[in-house]
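Quick heads-up: structures coming right below.
Two complexes, one shared chain (chain A), two partners (chain B, chain C).
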Partner chain A sequence: MVSDNLKVGVFICKCGGNISDVIDIERVKESIDADVIEEYTNLCSINGRKIIRDKVIGDELDRVVIAACSTQSHLKTFQAYVQPLNPYLMDMANIREQCSWVHSTTDDDFNQKATDKVITLINASIGKVSKSEPVDPIVVQTPNSAAVVGGGISGMSAALSLGKQGIKTYLIEESPSIGGHMAKIGKVFSPVKIAEECGLCLLNPVLNDVVWNENIEVMTNSKVVKANRRAGSFNLLVETKPRYVDSEKCLSCGDCVDVCDKLIPNDWNDGLTNRKAIYKPFAQCYPDSYVIDIDNCDKCGDCKRECKMDAISFRRENEMIPLEVGSVILATGHKLFDPDLRPEYGYSRFKDVITQSELGRILGVNGPTKGKFQCLSNGEVPKNVVMIQCVGSRDDTPNGHKYCSKVCCMVALKNANIIKHKYPDTNIIICYTDIRTPGMFEKYYKHAQASGIRLVRGRPGEVGKKDGHLVVRVEDTVKREFKELDADMVVLSTAIEPSEGTNEIAKIFDVSQSEDNFIKEANPKIKPVTTDIQGAFVAGTAQDPKDITDSILQATASASKVSEIVSNGIEIEPFIADVDYEICDLCGECIEVCKYKSMSIEKDRIFIDPMSCSGCGNCIAKCDKNAISINGNIDEMIFSTIDGILKDKKPGEKRIIAFLDDIGYTAADNIGINRLSYPESIHIIKVISVNRVMPKHIIHALKTGADGIFIGEYPGDLLYDEIEHNMKKIRREIEMNNMNPERLAFSKVYIPYFSGLARKFIEFDSKIDEINDLAK
Partner chain B sequence: MKQIPDKNILLFKSCLVSIEYPGVESSTTFVFDKIGVDYFVSREQTCCTGLGHYSDVFDQFTTTVNGARHFALSHKLNRPNFAMMCATCYAINKRVANLLNENDELRDSVNDVFDDCGFEWMKYEKDDITSRENIFHVIDIFYSKRKEIAENIKYDFSDFKIATHHGCHYCKAHYHDTIEGVRNPHIIDDVVNACGVETVGWYDFKRATCGNGFSQRFVHKDLSMDATNDKFKSLKDKNTEILIHLCPNCHIQFDRYQPYMEKHYGEKLDIINLNIAQFLAIAMGADPYNVVGIQTHTVPVEPLFDRLKLLSDEDKKMIIENVSRKVDLDNSADFNMEADTIKVDFKKGAK
Partner chain C sequence: MDEKFEHGSLDLAHFIMNDIKFAQGENLLKCVQCGMCTSACPGAQHSDYNPRDMIEYILEGDNSIIESEDIWNCFYCYTCHSICPVGNSPCQANQVLKQIAIDEGIADEHLRPFLGFGDSFLNHGMGGIPQNFFKEMREDIGEDWWEFKNHLDDVRTQLGLGPVYPDDDSIEEISTILVKCGFKDRVEKIREIKDYEK
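Moving on to the complex of A and B:
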């Protein structure tokens, strides 16, 4: 099997009896055909290293097989011990977790069947290394830079953390100032102090730190219009709109504003006030200068003539700025649900039906009423306020969102508390679906109740007008009675939904979105900041509804993730796809079929991003021209491993091959670690992806003596559905080769559910017995 | 917007229409003929069971077997597109179609009944009829034919205060199929609008029930009448003269019970009730008695005719132009029916 000119060394580890108590090592040594065969008590020890190295160098070994524990425990160790041999010319036969630990029960001195299996496993490894090629691990170094898209509290926090770690950071904000929603929120809730704090006072130091950090470049009036990813870096194209006011020259004197006669609704006050066409977004904005809203400007030139600093010029054009960065953090935030989509609440019909955001502005000292709490219709302090929760949230009717927006309960309680403290005579009723105040917020909720805020459980049906004032019609579902609540002001707690910027940026970066159009994390449980695009992270309300504290947490977490990549680069297994450009005709089929989004066309060539390619081989199958291959000769290696397993198969003996990927292999190790058992007939081959096991491999194995093939796949794998679907085709092919298609088994595998995998091995083994009996 | 058919239509007879307001059916066929809708009314049709079903007389299985029979009938007649005059027929048959398509076990049981009775031709196969593509309310068809409606208008209603009431079983039972607003229903307003008339639009309790509630009117009469009263009060606040609806149940509640309400609450109402088909028929010049059947109404409809004016050619031309523009706008992409408040302003000749 091994070509004559390749010298193979086999090193067998006794593992202090863990292996040698069950396996007859002497018989193994006698049965193996190799140039060097050594055994040692602890191969992983420093002495073991000496033995291996001496033989590799002294006997000029070309290939090495280590028969010991699982790759999970010591792959890196032995890859280092075989140096100067290329680490990928060494293979480990797992004779502990997947052999001696699962077949230990025996009356003899040694378990003979398990000993046979060890010989088979070593032969399989010899087969595998005989076809392996030297490859070098790929280390991708990323530039020491990052782009943060979105200049709200999440984006600023992320940028600040990156800047402080010495990473060059571009903070890209579409509007004329950084600050985001937090700048206009007014007071923010603070559960521990049971008090409300000034949002801007908390935001300002962060904003100043961002501005003064020399590693951060703030780009306002700018948006990412294009993004390309190449190994470890992103090429971005940023479009910057002119401010028409030179920030360097502008002294913020405001003389220009007085002469401008255009009036435009001011978004910073939720349109409750007007601003001029030349304006400053808010007092503490950055850059601290005026800006012209060119869409609403008639270019009369009055402001230009008025400006003593000559800072204004209308002859400016959009600028396209290319950036190359190592990573990106998407912090593009949210917008609020359109209250007109719930016409029954009369947002457009009644002036005194407002949103919580507008109430925040009305209560803000820098807001339209200078902090005076009043009805918009008549300027009087409302006596009765009714708040309606879940407007657009927890709503499965058309246009609604099924999710809970998470912060609205606290926002309503906060605004209610502020009102109650300043205006104790005002009655406040909050109509809620459920009050959700987890953790410390529960205290805040109790505090609100104690201050006399009333709560009615029920989702109001509509807001009407009766005898000159508003009425909110609601069923009190606790008392089970219909109520008509009088109100001078009705406040709608509108849902948080992804901003337009979030939708746009998801498309530009090709990151997946959840069913609700938020940016989706790679794994919502354990990878809360990574996206399915390597090197792109998400923070804040772009990912799901959350409060300021959670946004900052996620922002700093994503900054750490960027720092990990910047500091160490990314080491990648080298078994990735490779394109022969001579043959490739750029049909693009491979791009379509790649579930890992690692392929693209750049400069008239297929570009494969090594960071995201998993080596699954899906593209190989799709490529009509056979222009794609996977580094490392994996196809041949699978064949020769199969041949190794089936070598010297005795009549009546049963050999089943189980192909498992990383997850399945770890689950199989867990069977051994927990000392469960399964039949000796099961021989496990580890593959990069079970997708690499082709019909030809399976047919070959069955034809050359395998009694059964077991394929295990983790259902969370991107390729799972496809592989499951392919099984039908392969079974048909087996049938066409006059073999029983039931000899192929396919199963889901999970790391913690190792006992299930053991059971499936046992079941499959007895099923093969039945099939074999039938065949006789 | 979903595709609304104008051919191969089975105009589904309604018990309440036939018994209480037969003019609704004759008005519907009158209007259908004018606006070019291909329909047929079958004598083989029965009740949908709706009234009985909601009063706990017929169970869902009986209703489903009955519905499946109608579906088979529609295929036999090659008229698989149902147009309902009654919101309850609409909701009941949509539900039956969904059940038959989604519940294999139920479908088998229904087919067993047909086998037992020797009615093999009635057996239902999955997706023979789909709720969204085959079952419509007459209002849907009117809505899709607004341009044709505008072209056939003879009389000017623009001096009347007209309000609309959208039946619960049209808006609230299958809201994914409802056209022009669930939370702010305005499909009748849009059709009335196509006759060059501005409606009252939104009024307090617009979305609320008429109060009928099938058995509720009899077992919880106070509750039922209170709900009707809420609506009447609000309509009165808006000085409503004509109330237009799309369901005979609502029609009975507002028309037959109006004298009772007036007596009970001590207030004169005088709100004329018309089904949308009756309204269109009058606007198109139908005979008030032979076609519209106003003699069957409790609240007299006659006063309306004293004030009705013929539409001038000039006004008609403007209406046709404006409606055409509005229909094209509605059919354009990205149009949000729920948030729509755009109306054609006729008198000012809006551009």
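Moving on to the complex of A and C:
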């Protein structure tokens, strides 16, 4: 089947037994037709590279087939190993995830059916590469700029790293000052030191560095309201609310505050104190100037009259600022669980039931009590403090969060330690389900125990009042004893949940969210800062609950990712639409039909955005003039892959072809990774988009011996409805060719729901058996 | 006791999970013994009943919990059910345990207080609060309730509704079914238990 003048080399990987324990490699080598056939224990190793490269150069190979693992794990590796051959003249036959891992070993011999399948898959790849053409990956350069959304410790750390690498950075913060939650924490715990450190003292140098870095532009009172991905850049629209106080003129004298008579609960103190309508968020805030909370201001003008610098003006409008940046880092942070959603703990009923965050403010020297530890009801130092863990975390009931908020054990131990050191006579009990202080934090846990902090293992059911003081009702599960713990103060360790800003920004940028509404990484294991939108990264508590150290780690990691793009551009698979400008008459039909919105007219030409074009081929079908093609000879490659799969089909043998795109292919890999199984008759062909599988391909496959065709599509794909609709047409066409239309199956695929895909393979295989029986 | 459930296995847990009275599925297995149920359980505050402990017996495969007297101190307030952080329901598991005990005939004496419900079906053709509870309910809920209860048919007539109880023919039919299926015999057998003291 390979044209006579093309020399093909096939390299088979044993994968240290992962493949060769199930597959009879010797028989495979005897059964395939290629110019060079090699096997090796680990083809992906450096030795493997030598074997491949020596053969490619020495035997002047034109095409290469690597029969090994999934393209998901080693495509890039082998594309590099076949150099100087063009990377797209190599194809990988997936004989591990989609063969040896899903078809088990028979008693003592190799699995013969699976061995047959390996031969077939290699033939398919030989067929595919025989039609492949050399193409080069497209590299899109991006502007040397970035936007960081969110000005907390994550956003500031990311911006600072970007600025120091010479990248123009816009740090966009919704509130009037950068600083975030860390500014109000007071004392912070550190992973190694058995001590609490001053949060603001650690934060201030970072804040100053951000302010003084010439590459960073801090935009406060601002939020991103619109974002568009266009080729290598993001076009953002930022709405900036006026401060009504000119930061340049304001001297921070505070005279304006004295004359303002509005009182508004002060966020910075968790509402434990009030502030005025004109205020400064906190002493070390940036910009270091006053601001008017216009929603709570009645515009009496007293402050304006009082200001000697004439810095105040009420005649200011919201401003819309367009920005074009190469990358974005989303660092929109978290908020805390509303304790009123657990009414049994009486947060709103009892003044002395507070949150850990409020306790942090009470203990802070810059807080409402100037650092004096006291009950909110009577101002006395509490004798008995009970802390309740997991309020809203590890909680399956409505409004609760199933996850562990990760930091609350350390927060509770920290606050308990601070109290115990200053007020040794105060008894502190922490009611917990499990104490989670991994790594070095364990030392801090022991330190807290040594300070005399008591731990009761049990999750309290209720906080009540008895004889004028609070009682926490809990079962001491270790002692199997129901207890009513007396308390002057009860502190709730509330869960961390995604902020409203995080929810909004996910929608604006169209990045996926996890089931808990945090921003989802592309892969939680190996791509922890990448989102599923190219060039958009995530850092800090916008992604999941984490402490300050982890937030900074992720922030600087995401800054490195931005730097990678700035230095090398974004590499894109080249199989995208291409327009012949000689033929194109700019009718614009293709723009209409493109579901990915990647086509537009620019400078009297159809412009195709390589970032968003999926290579689905919808435009090809729509173009009357045949002016559009897709790079890479895809049509012919699908035909020759089908021919390869159906080569040497024996009588009575059953071969089913499954066409899957990236998502379906990954789901199929997951079946193997999780060692589920499905019949050997299933042969998977990876396509750029299942839309590229045309009726002619399907009819051809069925006519030349395929027993069934399975097409899987991710329902989230923009083309899903269209493809599902097309299936009816294709079935009619199959019927017109005197074949059973039921031989074509169409199914939804999801990456996490791999067991469902395995089940569908099994069901389709037995359905094909029935159809074959009927046909006899 | 029961050979159906192998000691030390998850047999008992799986039996409960598959029972129609238990609607929480595998959440039963997710219990981390946090004790929130016991912390809020009125039964636990006034007796040795401990829902957390009961779940631990089930998960341990310790079938002796079926014979425990303590499980009869749960009266289905469903507090544990509504607050359980893993979506388990100790009170529903409790119902299945009690049913196993009843089916094995080791719980007849615990059924005596509920005889009134059975009588209500036999005499009125429908379930209702047994008369032996009236005195305490009148004290707890108050005279308004007593008034309302005694004049329920008047109220219903004014609202254009029919009487509360089915007509005599229907009652007769229901009663016949209950006699034929052995319900009446069972009620009478339980009534014969003399040594039950409240």
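What to note about this one:
We take it that the second predicted complex is superposed on the first by the 448 of 776 C-alpha atoms of A that agree within 3 Å, B and C clash if a C-alpha of one lies under 4 Å from a C-alpha of the other, contacts with A are read in each partner's own complex, and residues count from 1 in each chain.
Keep in mind that, in the parts below, contacts are C-beta pairs under 8 Å (C-beta built on N, C-alpha and C of every residue); 3 or more make two chains touch, one makes a residue touch a chain.
No experiment lies behind these values; they were computed from the predicted model shown.
When both complexes are superposed on chain A, chain B and chain C end up clashing with one another.
When the shared chain is aligned, no partner comes close enough to touch A:113: not chain B, not chain C.
Look at A:480: by the touch rule set out above, it reaches chain C but stays clear of chain B.
In the superposed model, C is the one of chain B and chain C that contacts more residues of chain A. When both complexes are overlaid on chain A, the residue A:343 reaches chain B alone and has no touch with chain C. Touch criterion met: A:397 reaches chain B and chain C at once. Judged by the touch definition given at the top, the superposed model places A:433 against chain C, while chain B stays out of reach. Residue contacts after overlaying the shared chain place A:464 against chain B, while chain C stays out of touching range. Residues 344, 397, 462 of chain A contact both chain B in one complex and chain C in the other.
Those residues of chain B that touch chain A in the complex are listed here as 175-176, 181-184, 202, 204-205, 207, 234, 336, 338-339, 341. Of all the residues in chain C, the ones that touch chain A in their complex are 27, 32-41, 44-45, 50, 52-53, 79, 82-87.
Residues 338, 340-344, 348-349, 397-399, 462, 464-466 of chain A touch chain B in their complex. Residues of chain A that touch chain C in their complex: 344, 390, 394-397, 400, 433-434, 457-462, 473-477, 480, 482.
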